[in-house]
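The two complexes that follow have chain A in common; it is paired with chain B in the first and with chain C in the second.
Here is the complex of A and B:
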């Protein structure tokens, strides 16, 4: 079986990540808030981790509601 | 009726300064934060920090719903409406800019504007009528080619006079002028919709009609405007920590330092109370109380009432004077003999008192809340009758 791949959404600040979390909870999309991995950014905030196959769903839900900085493969 | 520390009944009519009592849920939310959360929001990734951030987000979302704002992140929290107004005024105005305001403003608007005037900002203070109303035609006439901002209180803290905010917003918008509204007296007690009223900057107090604790307030900033607005303070925001420059995005640009999370937990509960009860219901109750008080005062001898004659054109604030009794003497008597708590004097709004002709003595100000009762109004009317030397009705 192929190993599950993850992507992370990075936001301007924790306020944005928490707003995204609230939207994803309502949309029932599985996600996890995790500290921003050091190899991605030295920022001390959190990001939203999802499985790669959900990336488009998440982008559709967040578009126009909360802005994100970038999406990266873990 | 609530009791004071000596178990005497009190009637709290100083709600225009700060509301009391608060909904029970406000205190419960603050205790819940302190007992079960306690973390610093936006600073770490651990669960207590995230829970603290969620508390603040919920408060922001409740306020966004109340003000008809699409994106809750357009609201920055401050310690009060004064700080919000200072960010708005000193953040947007530069020497050479022209700003228009009314003669009914509180010192939270007037003092920053007078300071900015000393720094080269041109200021026009448009006179209001004797009952505190700002005429939109006078505002139109004051507009100059380089007018940058119109700043007006939604309702006077002295007379309760409600200004025609939607019309003013429309005028400002049509002339390309930014519109800042001081909603200290109205957020939670009158409907506010930032888009319908064409408001660019909305400063609000958390501890009056939004039923939050003292030390809470905020500023709504229209999308894109945050780029032009200088912050009052800079510092740690938990975001972009690797850079030494202040973030330029909402709300971080204006929220440096650890916020008043426990206070914002309480404010969230207060705003949810307002949303559940509905602003229209709150307004209707306060209007009834005000009508009852105004009708009672009208038949008393030796009383002068200021502001619009009709409760429909004012908030639940009534300023009045008793012939032969100074406001400070009257308020002391009301407190000591009748347990009625109100505020005498100038109410931090000397320009407003000049407008209504009560400078420098001031007035006695009663401010009613959703939690006041008809019986309290009736007892207060009896107390005022007694101070005015009138006979009790037979």
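Here is the complex of A and C:
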């Protein structure tokens, strides 16, 4: 089985991540709120993880509603 | 004559003390041990006493160590204090200390703000997957059982943990109380006997 590839959306603060999560829930896009991986940042932060193929869908949903810092491949 | 010391099941520093005594009296000994700490301590003993050291892995985590005294050491007085200082009975994370048990007694982590507590517990359970070694058991009780039911945000993590061999106990009284008995989707329903016994037998108990 090929390993699932993920990307994470990083936000300026926890509240942005929460807002993004609410939007994705409504849009029914599978996602997971996870701690920001250690190799990306040592900050105690959370980010939204999605499968790589959903990146554009998520960007479309969030655009104009929540700003994000970066999207990184896990 | 070759002497074999059976130091299986003995707590540190017993194996290395037995090994030291035996190698002082014999040219060559075998020591059978069942943990890494004993191997490491005997390895250091061998260096101190200028002994030949080799270790053979046997089944079931058993290690057989061969110590052979070289000529020089028989004349060299053995500095027992220096050797004692080298013995380490430091806690090695894992088996020696008994099972690692994680207790999820709430579906929030910490007190103060439930929205934040929800984010934190989700991060915590997800991060458990990266612990090395993994917890042996996870116990969910009170509102913690809500983490193991259908539609829980950490259900996939708990299922993965179960798949990786972590035993997940879900309090039966609690799922009954919250009327989610038919929705438990990770781990297995358990009772207070198992929960109390598992907690009492834990080497370390982790409560987020």
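In this text, the second predicted complex is superposed on the first by the 73 of 74 C-alpha atoms of A that agree within 3 Å, B and C clash if a C-alpha of one lies under 4 Å from a C-alpha of the other, contacts with A are read in each partner's own complex, and residues count from 1 in each chain.
One rule holds for everything that comes next: a residue touches a chain if its C-beta (ideal position, glycine included) is under 8 Å from a C-beta of that chain, and two chains touch if they have at least 3 such contacts.
The model shown is predicted, which means the values in this text are computed figures rather than measured ones.
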- prompt: When the two structures are laid over each other on chain A, do chain B and chain C clash or fit?
  reply: clash
Message: For A:46, using the defined touch cut-off, is the partner it touches chain B, chain C, both, or neither? Pick first, second, both or neither.
response: both
Task: Have a look at where A:62 lands relative to chain B and chain C in the superposition and call it first, second, both or neither.
output: neither
Field: Which of chain B and chain C A:32 touches, first, second, both or neither
entry: second
- prompt: Taking the superposition as given, does A:22 touch the first partner, chain B, the second, chain C, both, or neither?
  reply: first
First (chain B), second (chain C), both or neither touched by A:7: neither
Per-residue touch tally on chain A - higher for chain B or for chain C: B
Chain C region in steric overlap with chain B, selected from 112-120, 148-156 or 166-174: 112-120
Message: Quick check on my understanding: which residues of chain A belong to both its chain B contact set and its chain C contact set?
response: 14, 18, 33-35, 46
Query: For chain A, which residues count as touching chain C in their complex?
result: 14, 18, 32-35, 46
Chain A residues within the chain B interface of the complex: 12-16, 18-19, 21-22, 33-36, 41-46, 65-66
Message: Please output the residues of chain C touching chain A within their complex, sorted ascending.
response: 115-116, 119, 122-123, 126-127, 153, 156
- request: Would you pull the chain B residues touching chain A in the complex into a rising list?
  value: 41-45, 50, 53-54, 56-57, 60-61, 71-73, 237-242, 247, 249, 251-252
